[in-house]
Amino acid sequence: MWTPTPNPSPQGGGENHEHRMTRLSTATRNKLKTVSTATVATALFKRGLRIQCIQNVHPLGPDQPTMVGEAFTMRYIPAREDLNTIEVFRDRGHPQRKAVEECPPGAVLVMDSRKDARAASAGAILVSRLQQRGVAGVVTDGGFRDSAEIARLGIPAFHQRPSAPTNLTHHHAIEINGPIACGDAPVFPGDVILGDSDGVIVIPADIADEIADETFEMTAFEDFVAEQVAQGRSILGLYPATDPQTPADFAAWRAKNGR
Amino acid sequence: MWTPTPNPSPQGGGENHEHRMTRLSTATRNKLKTVSTATVATALFKRGLRIQCIQNVHPLGPDQPTMVGEAFTMRYIPAREDLNTIEVFRDRGHPQRKAVEECPPGAVLVMDSRKDARAASAGAILVSRLQQRGVAGVVTDGGFRDSAEIARLGIPAFHQRPSAPTNLTHHHAIEINGPIACGDAPVFPGDVILGDSDGVIVIPADIADEIADETFEMTAFEDFVAEQVAQGRSILGLYPATDPQTPADFAAWRAKNGR
Amino acid sequence: MWTPTPNPSPQGGGENHEHRMTRLSTATRNKLKTVSTATVATALFKRGLRIQCIQNVHPLGPDQPTMVGEAFTMRYIPAREDLNTIEVFRDRGHPQRKAVEECPPGAVLVMDSRKDARAASAGAILVSRLQQRGVAGVVTDGGFRDSAEIARLGIPAFHQRPSAPTNLTHHHAIEINGPIACGDAPVFPGDVILGDSDGVIVIPADIADEIADETFEMTAFEDFVAEQVAQGRSILGLYPATDPQTPADFAAWRAKNGR
Amino acid sequence: MWTPTPNPSPQGGGENHEHRMTRLSTATRNKLKTVSTATVATALFKRGLRIQCIQNVHPLGPDQPTMVGEAFTMRYIPAREDLNTIEVFRDRGHPQRKAVEECPPGAVLVMDSRKDARAASAGAILVSRLQQRGVAGVVTDGGFRDSAEIARLGIPAFHQRPSAPTNLTHHHAIEINGPIACGDAPVFPGDVILGDSDGVIVIPADIADEIADETFEMTAFEDFVAEQVAQGRSILGLYPATDPQTPADFAAWRAKNGR
Amino acid sequence: MWTPTPNPSPQGGGENHEHRMTRLSTATRNKLKTVSTATVATALFKRGLRIQCIQNVHPLGPDQPTMVGEAFTMRYIPAREDLNTIEVFRDRGHPQRKAVEECPPGAVLVMDSRKDARAASAGAILVSRLQQRGVAGVVTDGGFRDSAEIARLGIPAFHQRPSAPTNLTHHHAIEINGPIACGDAPVFPGDVILGDSDGVIVIPADIADEIADETFEMTAFEDFVAEQVAQGRSILGLYPATDPQTPADFAAWRAKNGR
Amino acid sequence: MWTPTPNPSPQGGGENHEHRMTRLSTATRNKLKTVSTATVATALFKRGLRIQCIQNVHPLGPDQPTMVGEAFTMRYIPAREDLNTIEVFRDRGHPQRKAVEECPPGAVLVMDSRKDARAASAGAILVSRLQQRGVAGVVTDGGFRDSAEIARLGIPAFHQRPSAPTNLTHHHAIEINGPIACGDAPVFPGDVILGDSDGVIVIPADIADEIADETFEMTAFEDFVAEQVAQGRSILGLYPATDPQTPADFAAWRAKNGR
């Protein structure tokens, strides 16, 4: 049996997960709300982190805001039929229901559904409850049921595709807030989750602040470049800024635009 | 060779398929129009039926109404090149064209395309004809061509993804109204097909009435729960209704809302 | 419902399927036993037939003889749980059991399992019965259980991979000897099935004789080429025989080797 | 090493690719802008061309205009880590950046990303630059990052799904304007690319004019048929026009509608 | 964080896992060694358990004995690059190394590799150590490296396919002996694992004894049937034994063969 | 069009590919013949190279020797039907035939078949010719036809699975000796290819010598460890050698065994 240890290394998880839940500062959260998953992916790539993007998940609503929050996780294994009758939901300790009531406000509930969308990971009632509780968003590498209603709720929600069957059909909720796989990415409780129209990315907790700072700056430069390109300028020498004129132009642009 | 028998068991199909075509009562149809595939999936799950959801099909239009009707089926096998020249459509007995002219009003045309969307299962002209004939909807586990026009027609239509090539390219229409596979679900002619934004589900013909009754009731309870949760109530004790107060509250809500 | 017609076109199948069962002459059978699926694939390709190879099936035993016979087919759809209890096998009319007792001696039983190997298409007892009845071989695009025992029986058998669960788990046997898909190839009852270490190929019934003749000749040439190449000759001008010396050398080789 | 030859056959590519870049006449371009990928697919099917559809690509924006242009290609191979650091973009000769600056106005940039959408093929800044330079559209069988911004730009763009990571993460840009695979279709530089809501299709350069002429006519007939069907006419005898009345009705329709 | 509880239900795992490790009696182990995964699959199917087969795993050696033992599990998540350098193996507490030294004699080490065979789950040195320690076998739904050496060792080992890269390349060992998914089957520590040439099946711990008894009897009947069929008897009435003569014949066979 | 440049960087390929063909020294070749793909994978992993393993390819024969040689590549794109008639083989410049006659002795022919095994990449006659010409081995991420004959030839050959259809059916040979993808690995002409029972790995040309040296040493240590483990020693402290006694024991073992 897995025994959590007091050792705060991410190898085994443990007490530090609790700790991380409080680590995301307001400053970092606010900065991340203004950057894109694409820009963060580049910043992580520069650090040798290539697989932090949760693959093949999509926002349910077309105009949902950027999602930012610490990961609170839940893990499913395949549903053994005798252990997953409709009655199990009567147990208030059922991990899925527990997760919905315990996921901290401001956090993101991330579900490991083994990329299996044949049954839903959750439906509109649970997602509505998460929203009421102030949770920042919800992600599964499987699917949601009541997908149109979830889209209308407005809370950022990401999945592979809609799926009508109840989770009990193919999923057995087994664990809350341990390390998981989600869309082929590793997710440790407390990692910072960012989601937008390109999907969802996982920022390791211990570098969230520096990634926020760096991508905030990168975003200013990208906005400058986008404006220049929209005015007809070539990308050569501009992006990346190998032409010595580019940094000068960028400095002028920042001054002019107050960024 | 497969020989249809008068035996009405679903094992072999047969005369009973014709019979079933008239079995869907107006009351059941109307009830099913007000429930969701998610709710029906749960009711089927309670009866041990786990694979009735047609996997990975999506509505072509964003706001199409709930689709309800008895299954009228068509089956494709891979297209042998010498048997699938453009001339085959000149045969008025070609199963695809025949299906389009014979699918009963109120029924749903369900096509087994072996989950292969490399060629279209049908296009806008045929779907428009189905609509004119009063057919309730159309489903393929492959793809439709002219997908934007089909979306504009307004008839409920579900597929995996758009696909431009004519069906002859990879599909050979071989049989009308026999038992088929569609999106990994079994579909018998006369089964009741329900479709909404979460996808499509297959209700065995002989339990359609009881499923309609049961899910109609379940939907009232879910609407009550959704309203409660939107007002901040916890799901514990509410969903499922293990708290004795919940049934009482629900009864009051029904009385108040006339449901 | 699909209605077989007396029309002998492969569009609908029908009486002609019975007829075809007697069409494979001893001469053609014997010729095909000496050629390879690769050579037949090339002969079919020359006629515009590109998809006759049953994809991704493998022989169970390493040294089984070349399999030749007319296709006798069976089709599975996904197993609805209420229709596939263990008791269904007590029905002597169950299509799987019926197929095993009715597949003609010299024919090949080809099963459409929708490429789904999660449950077996059959096991050693049924395959042993087929062997006892003189059936020429058995093919599924799913899997067999008791795979080691089947390999020991010696009858040519081809599948995707071993699979322990009974067919009832995921497959519902629905039809005998209609047109099917198998491994993305179209199979009509009476088509001639050829299997060797490269897999299985489907020869349309009406060209089986000419394919046998042509590939018998092609095989002589390929044996000549293989011998030449093994002696160090370049393939340029030899294969294909664009060098005028090649036909002369081949004629000499045939004379010398009596072929 | 691959050596381009002056031989203008499509087997090896070469100088003729340059030549083709000027072959798409304004008349053909304009005709193709009024037809659909579905109609073109049928015209290609009649000529034995079955795999010209780029499979599983979707428009980023819902209302983008029909895309027409000659193919200008780029090829990715998997990204070896030591050769794909962030610094490689500082090289103005990097094939991705070069392609963006060299793709001719009116052409379509088609990228072979090996159907791998785990990393982006390009992002909004590069696509904006392509738009500024008058490029007709952009296609990848992988994914784009900044997908929402690309959708807002309005230039026709097609991909499998959004993907946040920079191309360097999994893709190494290796070659410009050679023959490629894209979505399981062969694409030669200079082939004519057509894209609409059903996806993207590749018209071999040497038949682009005749395909444009033929599909322009086919489209008139299909519009006639669609109108008739919308008015309640059966497809039998109408589509295809096996009823002798149909050609007469079509002639009258053309006269009346000036087509 | 997941907190094991003293509650012995399989919902959350816990102390009972330890307990189960001692539950497999010698009698049950010995009976299971004489039955097949196919027979056990049928016995589980009769109890409504359809997904206990670990899909798509194969024995490494052709003649390895039947594998029987309690599950001792290990779980991998995707390997974050900064946490999976070659140095992590220097930590004696690394879960993969720990599992190899702690898996009890007579147990089977079952690894959840998320069906990802791009990197190895383990290699010959670790498997040799397991063998030395008396472990009954090893299973991964990914792949093993040094596969030829593992095959020569003789210990039952099952995987999807060989894979050369070290596990650190794509897998991060995260947990020992918790509930896992393996090849789409649920595996709880202490479940009884059976493996033969058809693959691997998971018997829930609490029914292992009755399954062993039942399948031991079923095996006698199947051996009787196999012998009868090999002598030319029809399966109708024999398998299943619906003919009243069959039970009588079986009784005689048992008496004669001492079974 | 891709233009090879004199610049020897692997970004664009070019003249240096010729050069590399002569770079593999006899010493390095001989060392690599004694090491495993697993050991090389670990050495590459230490350098940050994670994707050099050609995924999902298997040796055709069970006992073929370790394959070592420089990569000589060929690339297929999907086969456009009009360009891939049986007559194209009459052209002596057809890339597949040319590759077979030009691949240098001692090199390995590596084919990019886009992981598509629906048609063969080559057959026994061409592989026999390669063997006659002294080529060291042949690899495709698709399949070979005549697979049993290729296995009997004895030349190392690796593929995904057997496939009967001629390459023209789905593959168009387009280029010789450019950079390719093979089984999701990047392969540059001149890279050193190593193959054994675990599959095939690609060693970048410029580090082949150091990888050979390093893995030759690693293999000695692994052989020592394997022997120790087979004698009952724990892996803790031994593998990796964190126990100070281990290096001492290894030194003694080397002295005793002359390694």
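Lettered A, B, C, D, E and F in written order, each chain numbered from 1.
The working rule: a residue touches a chain if its C-beta (ideal position, glycine included) is under 8 Å from a C-beta of that chain, and two chains touch if they have at least 3 such contacts.
Chain labels with UniProt names: A, B, C, D, E, F = Demethylmenaquinone methyltransferase.
Values in this document were obtained by computation on a predicted structure and should not be read as measured data.
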item: Common touching chains of chain F and chain C; value: E
item: A-E or A-B, whichever has more C-beta pairs in contact; value: A-E
item: Duplicate of the E-F contact set - from C-E, D-F or A-E, the pair where over half of the pairs recur; value: C-E
item: Rotation angle superposing chain B onto its copy chain D by C-alpha atoms, nearest 5 degrees; value: 120
item: Euclidean distance of C-alpha centroids - chain A vs chain D, Å; value: 34
item: Distance between chain centroids, defined by C-alpha means - chain B, chain C (Å); value: 35
item: Between chain A and chain C, centroid-to-centroid distance (C-alpha), Å; value: 50
item: Chain D, residues touching no fewer than two other chains; value: 48, 50, 184
item: Pairs of chains found to touch, sorted by chain label; value: A-B, A-D, A-E, B-C, B-D, C-E, C-F, D-F, E-F
item: Complex interface listing, chain A residues touching chain B; value: 86, 89-90, 92, 97, 100-101, 117-118, 120, 123-126, 128-129, 132, 145-149, 161-166, 168-170
item: Residue numbers on chain F that touch chain D, as the complex places them; value: 1-4, 10-14, 17-18, 47-52, 77-83, 88, 91, 93-95, 114, 172, 174-181, 184-187, 189, 204
item: Chain B-facing residues of chain D, complex; value: 36-38, 40-42, 45-46, 50, 53, 55-56, 58, 184, 196-199, 201, 222, 225-226, 229-230, 232, 234-237, 239-240, 242
